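Two complexes follow with chain A in common, the first pairing it with chain B and the second with chain C.
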Partner chain A sequence: MNRAGFLALLPLIVLAATIVVVMLSIAWRRRHGLTLALTLAGLALGFASLWIAAPLAPCQVTPLLVLDRYSLFFFGLFFTSEFAIALLAYDYLRRHEVPREEFYLLSLLATLGAAVLAASSHFASFFLGLETMSISLYALIAYLRPRPRPLEAGVKYLVLAAASAAFLLFGIALIYAALGTLDFRRIAPALAAPSVPPAYLAAGFVLLLAGIGFKLALVPFHLWTPDVYEGAPAPVAAWIATLSKGSIFALLLRFLYSSRLLAGPAAHRLLLVLSLIAFLSMILGNLLALLQSNVKRILAYSSIAHMGYLLVPVLAGLRPAHRSLAVEAVAFYLVAYFLTTLGAFGVIGVLSTAQSDAGRIEDFQGLFWRRPLLAGIFAVMLFSLAGIPATAGFMGKYYLVAAGASAAAWALIVVLVVTSVIGLFYYLRIVAALFAPLAPAPSPRLSPASGLVLGALLVGLIWLGVFPEPMIRLIHALAIR
Partner chain B sequence: MNEFAFYVAAAIAVLSTALVITRRNAVQALLYLALSLIAVAVVFYGYGAPFIAALEVIVYAGSIVVLFIFVVMMLNLGRRAAQAEARLLPPRIWIGPAVLAAVLLFEIVYLLARGPRLPVAAAAIPPRAVALALYGPYLLGVELASLLLLSALIGAYHLGWRRQPFPEVRDAPPESPAGLDSGRDSVRAGSRRSAGAA
Partner chain C sequence: MILLCFILIPLSAGGLAWVAERWHAQAPRWLALAAMLADFALGLGVWIHFRPGALARLRPPAAAHPAPAWLLQLDWHWIPRFGIRFHLALDGLSLLLLLLTFFLGIVSVLVSWTEIRERVGFFHLNLLWVLAGVTGVFLALDLFLFYFAWELMLVPMFFLIALWGHERRRYASVKFFLFTQLSGLLMLIAILALVFAHAAATGVLTFEYAALLGTPLSGAAAWWIMLGFFIAFAVKLPAVPVHTWLPDAHTEAPTAGSVVLAGLLLKTGAYGLLRFVLPLFPRVSHQFAPLAMLLAVLGILYGGLLAYGQNDFKRMVAYTSVSHLGFVLLGIYAGNALALDGALVTMIAHGISTGALFVLAGLLQQRLHTRDLNAMNGLWDTVPRLSGVALFFALASLGLPGLGDFVGEFLVLLGAWPVSRLLAAFAAAGILVATFYALRLVQRAFHGPNRHAWRLPDLSRRETLALAPMILVLLWLGLFPSTVLRTFRLVIPSLQPPAAPAVLPAAPAAPGKALRP
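Right, the complex of A and B next:
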């Protein structure tokens, strides 16, 4: 690793240094505000160091990590989201009688894992990044230990994530046995060799997909999602919904496009499996969300559907001609989805009390008449999730349909549009509750930190919906090598 | 490694792993876990990777599992430690793992006596090659693994936190009629932490 490699790695190094500094400061003195300030400063420094790393991109640092514009873009997205979540968590944690400082430490470690995932070009860094993220999440989900629900959700996530990691490792082992390489970009040349056993390759890919599908909560692997979303503290649920899924998706896209595994011998059946997962996720995610009465569970099922939507451009981009549009569509949709989901869980966090998280629809009943600003922000977030024009969610869906149409994936597009319309119903049900004429309980005040974050998210959401050109120009330069 | 030796070691690994999951007794399950890891080490040895085999035994079977067993047994500290140990390790607990471990011992003695004869496809991997890989192309992997362990450590530390500080060591509590009350005199980690600055 030379000097250029160090400079290219600077965002990750700054993040790792932040973790050490925060840990030492906690060991020295437990101050909630100090820990938050150090966390935010470290994230801001990491974000600033993106400009040092950007001129060096693309830069391969050891076989494990590749620092190109694609990974730097996701670094920026993850750092910003973690910044917002840390601010939202500050208010949330102040209401709870637990040691609060470790939250920032664990979420920074998880962010590091997510960033490593976005930059991985090798199965070893993929697995290490994934596990760093998962292990931090086990503790984060169960963070409010005195409460039974988070603990239950944490144990559930622990058991299922460990099992899915076993599937993933076995899949990686099979692919290694078939091809003799762990490097994503060496897979394509290895596939050309005549002695590749297709059965190993297909089995390995399906197992890999099971592991990734679990993390993304795609349909046959989605059962943990509603329970974990409901049980986890609101900022942690926001973390799982955004960074955890976004990082895995960034990795999946890079893996599929740089390995060209789906152009190999067993490609046809694998493509079918992936399409089936996309169909099922879109349909079941939306239909099951209709049956829920808890807002956190609705958001959980809707996240399943959104990950299904995101598979549409991935499938469309498997042909190299449509690749750049697919990468753009995924990047834009993820930005929109991050903004929206952070906002929605942010509002839930603000409304939560020391006894329980806000979740039941009754908690939101008539919110508009008590806290018009908060209710307005929540409504816009839900509109964006539903894909209503003038929000970022609409532009994102537009991008998905454009990417799908360019590859003539009509069946996927039809399902996407139809299920989006179904989705409208359950989002509007929550919006209707917000404006219902009932006002039973006083709700917590919006603190300056949360207000700032929610306001910024709202502005970003509408800005992306009305005036998306700058963001489009930014993601236009992304390409997977 | 001939086929037979591989299948014996692999069968023991699979069998003991299945027993880890199905045994209700924690100590017995952990003994089987140690056995399963040792069986995998034998497979590694047979395939010309003696260094990885040694690491497997030292790191997994040696330290991690022994630590598990110690923790499980040491939760019964105090005056009744000897009694607890006798209760935790009657012959029917250790006889199964011991028999399987004996089979593995015979196998490794056989492999050692036969001398290093590698299968055609495999080449011996000396420690030097492992070290060069770890501190060459996989340097970042080593660093990432250290952060992974850090997150596990912090997570365990936080989850071990309790609201009430655990009472200081008291004089012997009255004997409970229902046998060992291991919850009362166990050592709990992280019990002296304040609830953070308000």
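Right, the complex of A and C next:
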């Protein structure tokens, strides 16, 4: 690895160094504020180093990692999100009698895993990144140990994630057996060889998809989602909903488009499997959300549906002519989804007490008349999830439909549209509760840190919804090598 | 810039009204009233400036160009990546509908003066933002911008119904939102399909109305895309099979909400058909016309019959809307200038007469705390002025000659007659049904003995102030419809391209970037 490689890798190196510094500082002295400050400073430095890495992109650093604009874009997104989550977690953790400092350590570690996923071009780095992220998440989900719910959620996630990792490894092994390579971009030439056994390949891909589907909570691998969302502390749930899913999605997109696996011999059936997963996720995610009465569970099911929506451009982009619009659509939608989800969980975090996280619809009853700003932010976030104009979610949904329409994937778009109207129903239920007559309940004040984050998210959300052009220009230059 | 002001004034006044509630309880009302008056005055000024006589001198009609003649335009970059522009434009059709918007806006503020007592600031925020959204719909000329405004006006309307509505407001507001959202998303798919079809044919990705006008489409594609648009507008209009959201939403909404719904939101559906479906898909629309006219006549009769069967004042008026808007649909698809004239006059007259009936229902509800016609009986004894006004608007609604509704419906029938005598005859029967329900309303509510011994305050000065202009406008529309029609006539050629395969000249220097694959 030469000097350019080191420089290109700088964002990851800075992040790793931050983790070490935070760990040492905790060993030296436990100070909540100091740990937060170090975390934020490290993330800001990492973000700044993107500008050093950007001129060198695209740059292949070892066979494992590729630093192109695509991965740098996701680095930026992940660092920013982790920054927001750390600030939100600061307020959240202050209300709890647990060791607080390790939270930042673990979430930084998980962010490193997410960033590696976005940059990996090889199954080895894929698996390493995934495990770095997952193992940190096991601890994060069960972070509030005195409470039974987080512990239950953590164990559930641990067992299922371990099983899915086993599937994933087996799938990778089968693909390796069939093609003799672990490098994504060597897959396409290997597919052309006449001696590829299609059964190995198909089985390997399906197992791989099961592992990825688990992380993305796509139907039928979604069963853990509502329990983990409900049980995990609000900032951790935000982390799982955004960075965990976004990084896996970035990887999935790169894997599918650079390996051209779906142009290979078993393509037809694989495509069918992927489409079926998309349909099921959109339909079941939305229908099951209708039955929920806990806001965190509603958000969990809605996230299943949103990941299903995101498969629409992925499928549309399988033909190379539509690829660039598909990548654009996915990237924009993920940005919008990150902003929105962070905001929604941020509000939940602010409303949570030391005893329990806010979740029941009653916790939000009449919030608008007590805390207009907080409730207004939450309502805008929900409207964005529902894709109402003037929010980022609308532009995101527009992108999805445009990507689908440009590839003439009408069946997928129609299902997307119909199911998103079903989705509107449960979002409106929460909105209606927010504006319902006042219920006598205490509501915590908005602290400066959370207020700053939520305000920034709100502004960003509306900015992206009304003036999306700068972000579009940034995203338009992304391409998958 | 004037066009931007039309939208910005209510938008900013709405935001201000919300804050102003803290200074003074009445401040939001005055702010809202001032904003609407300012917009109305601005609209009138534009109308007078561009009066048809002056226009003829400006632009000789010899230039028989089917491209629309815009009086005012505003065209800014917005999202160049997709060829989306912030393009507002005003022609006679939008101008007349804007005037109606601001007029009913003033009325809505006035009638909410005592009805809305809680969360006054937030109420006026929503009211003004709905009006701003409606204004945007009438002005937008970029299809993306149109969709943007179209969806955006739903959110404040949802709040108006959900927060200040009557007993079943939650149900009604959600139903309203889901119906319109689903149909709106179908329109989004249709818009994108049209845009990508245009891009595939010309290599230019644009949402510009003028550029999309001449999109060459295969027969099947044109049908599907046209249907996407038609369904969205038919739900809003509402045409018969998809009208079920309307009675609930109209009945449960607060008075101002009902006025805006009936007077304006329904008109956006008719406007969409006029502005987009007919010119964008001339050939398919021509083939589709018989079916649309059949739906229209069904709506006229079905709405009328259901109205006759209602005991709830507002629900009854809501069903009459279905019937009246059937005439609009009939006029739009009859395919001649006479019927289009009729559709436009019906749109305006219905906005005012039905709006007024909703106002009266609201005034009675405020006094009686019920909308049940069975509980009314003989109100003439105690509120003679209110009853007289109600009689006037009931007569307008049944199509009494000399009032606006008559002119509109008569012109529609006149235009529809040469196209289909059978349908015109059935539609004419709809006027007969209107007589039944309107007279039944007057008889049940106002005539007869005052059995429940109501003692009620008659119209206050503010209420009279809201209703009197509505009476005058209806009379004026009925007696001098040509003042309005002359403005509209200039627009008709652009709404009615020849039904033969349209070979429209491409728009000069169509904005938008080349499609980057």
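FYI, the second predicted complex is superposed on the first by the 481 of 481 C-alpha atoms of A that agree within 3 Å, B and C clash if a C-alpha of one lies under 4 Å from a C-alpha of the other, contacts with A are read in each partner's own complex, and residues count from 1 in each chain.
By definition in this document, a contact is a pair of C-beta atoms (placed from the backbone, for glycine too) under 8 Å apart; a residue touches a chain by one contact, two chains touch by 3 or more.
Everything quoted here is computed from the prediction, not taken from an experiment.
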- request: In the superposition on chain A, see if there is space for chain B and chain C together, and answer fit or clash.
  value: fit
Task: Mind working out whether A:Pro63 is in touch with chain B, chain C, both or neither, as first, second, both or neither?
output: first
Query: Touching A:Pro55, do we find chain B (first), chain C (second), both, or neither?
result: neither
Query: Between chain B (first) and chain C (second), which, if any, makes contact with A:Ala142: first, second, both or neither?
result: first
- request: Quick one: classify A:Arg30 as touching chain B (first), chain C (second), both or neither.
  value: first
Task: Based on the superposed arrangement, let me know which partner A:Ser406 touches: chain B (first), chain C (second), both, or neither?
output: second
- request: Report for A:Tyr398: first if it touches chain B alone, second if chain C alone, otherwise both or neither.
  value: second
Message: Contact-wise, after the overlay, does A:Pro470 reach chain B, chain C, both or neither (first, second, both, neither)?
response: neither
Chain B and chain C, minimum CA distance [Å, superposed model]: 36
Task: Write out the stretch or stretches of chain C touching chain A in their complex.
output: 78-82, 119, 144, 147-149, 151-152, 154-155, 158-159, 162-163, 170, 173-174, 177-178, 181-182, 185-186, 188-189, 192-193, 196, 516-517
- request: Name, in rising order, each residue of chain B that touches chain A in their complex.
  value: 137-141, 143-145, 147-148, 150-152, 154-159, 161, 163, 193-197
Statement: chain A residues touching chain C in their complex are 321-322, 324-325, 369, 383, 388-390, 394, 398, 401-402, 405-406, 410, 413-414, 417-418, 420-421, 424-425, 428-429, 432, 435, 468-469, 472-473, 476
- prompt: If you look only at chain A, which of its residues touch chain B in the complex?
  reply: 1, 16, 19, 23, 30-32, 61-65, 97-102, 105-106, 109-110, 112-113, 116, 124-125, 128-129, 131-132, 135-136, 138-140, 142-143, 145-146
